[in-house]
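Starting off with a structure, shown below.
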Amino acid sequence: MAARLVFLGRLEDAAGSGEREVAPGPLAEVLARLDPALAVELLGERVRIALNGALVAEPGGVVLADGDELAFLPPVSGG
Amino acid sequence: MAARLVFLGRLEDAAGSGEREVAPGPLAEVLARLDPALAVELLGERVRIALNGALVAEPGGVVLADGDELAFLPPVSGG
Amino acid sequence: MRDVRLLETAFDPALEIERFTAGHPQSGGVVSFLGQVREGGGVEALELRHYAPLTLPGMRQLADSVLGRWALDGLLIVHRVGTMAPRDPIVLVAAAARHRRDAFAAADFAMDHLKSESWFWKREKTADGWRWIEPREEDRRDLARW
Amino acid sequence: MRDVRLLETAFDPALEIERFTAGHPQSGGVVSFLGQVREGGGVEALELRHYAPLTLPGMRQLADSVLGRWALDGLLIVHRVGTMAPRDPIVLVAAAARHRRDAFAAADFAMDHLKSESWFWKREKTADGWRWIEPREEDRRDLARW
């Protein structure tokens, strides 16, 4: 089993794909196994995070379990 | 020949018809030949007057000639 | 650009909006207001009268003033006169603009002025017969916003 | 009363407005906003992406907050996702109310919040290829009005 990262908007370009399977674990460890440039983008101040469809107020405490979906949401586009 | 008075909105009810032919002459004389109750309504503060399709700023100076059309416009209805 | 009509017979607002939108492909947004005769409240019919020498010219002047005030690609004003039944469309205003803020403000302004300043007299028929509709304080307040 | 839809395929705004209006015969006025892909400016295609677990629930919450804030008879929000061509409809918001002031404000508010707070990501295709659309300062200002 694995967890899944989902990249929205321009983060999809940065990640090279819309989603990616990763080994479960604390978010800091999951990000440490990614390309550092991508990890920096994902941790951007204006990027919101949703765990299994619910926005996360404190991403620091997230621990991914098997089957979890973690979405990275950059600012939405203008009108 | 004659001039014509046109009564809009509730003034049509007050006049008993939408328009009426009258003998030409100064507006004061024309009104003096009408039913006094109707004349009072037509001279109401919020009634505007249009001579041949153009609003009149100073009704006191109007003199009706043959073929003229004088319209009495009460306040327009609300939305 | 400016399409202003006073109609003696029924019109199809959906078709008007469709044509208006298709005619302004460069506009990002179209705001429309549709006013219809309300169903309920005991009103059986609504009659709108106008004074031909003033009413349509006044609507055209209003359209020009709206076009002068906001950056619009197009403005549509269609108004019925005559006798209407509940559900019948009375008025349609549509504004097409590059920026939606302009379109909203233009349609809102046009409606406030159409309702309170255009030369229409309205009467309603209920079980008690016909009754003329008086000016409303609310309309004067609406106008004072601009 | 509340009709909120996220569509993967094209829709017909005129038909939607017609049905919405017919469904609210007691409303004196219906205000609608239609946003379409602009023709011109070199844009060949527009793509809107969403995040299913958040986007439609967020639109429904927005609709509820609009309905709680103004006296409406009904509210319609229809939004496209996927790839669209110039002239394609993107979004339709319609508000039916007894008083037109409520309908105007509700549609205006709904659009400001849809544009700046809903979970949509947009990219445009021009001769230079695809480019993501960034947030706009104007959208934040629009939101600050409420």
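Which chain is which? They are A, B, C and D, in the order written, and residues in each are numbered from 1.
To be clear about the criterion, contacts are C-beta pairs under 8 Å (C-beta built on N, C-alpha and C of every residue); 3 or more make two chains touch, one makes a residue touch a chain.
Here the structure is a predicted model, which is why all the values come from computation and not from measurement.
Chains touching both subunit B and subunit D: C. Computed centre separation for the pair subunit B/subunit C is 28 angstrom, with centres defined by C-alpha atoms.
Rounded to whole angstrom, the centroid-to-centroid distance between subunit C and subunit D, based on C-alpha atoms, equals 23 Å. Once the centre of each chain is set as its mean CA position, subunit A and subunit C turn out to be 50 Å apart. Averaging C-alpha coordinates per chain places the centre of subunit A 77 Å away from that of subunit B.
Residues of subunit A in contact with two or more other chains: 79. Multi-chain contact residues, meaning those touching two or more other chains, occur in subunit D at positions 35, 100, 111, 142. Contacting chain pairs (ordered by label): A-D, B-C, C-D. On the side of subunit C, the complex with subunit D involves touching residues 13-15, 17-18, 21-22, 25-36, 38-40, 86-87, 98, 100-101, 103-104, 107-108, 111, 142.
Taken in their complex, subunit B has these residues touching subunit C: 6, 8-10, 13, 50, 52-55, 69, 71, 73-79. Interface residues of subunit D facing subunit A in the complex, by the touch rule stated above, are 35, 49, 51, 53-54, 111, 115-123, 132-136, 138-139, 142.
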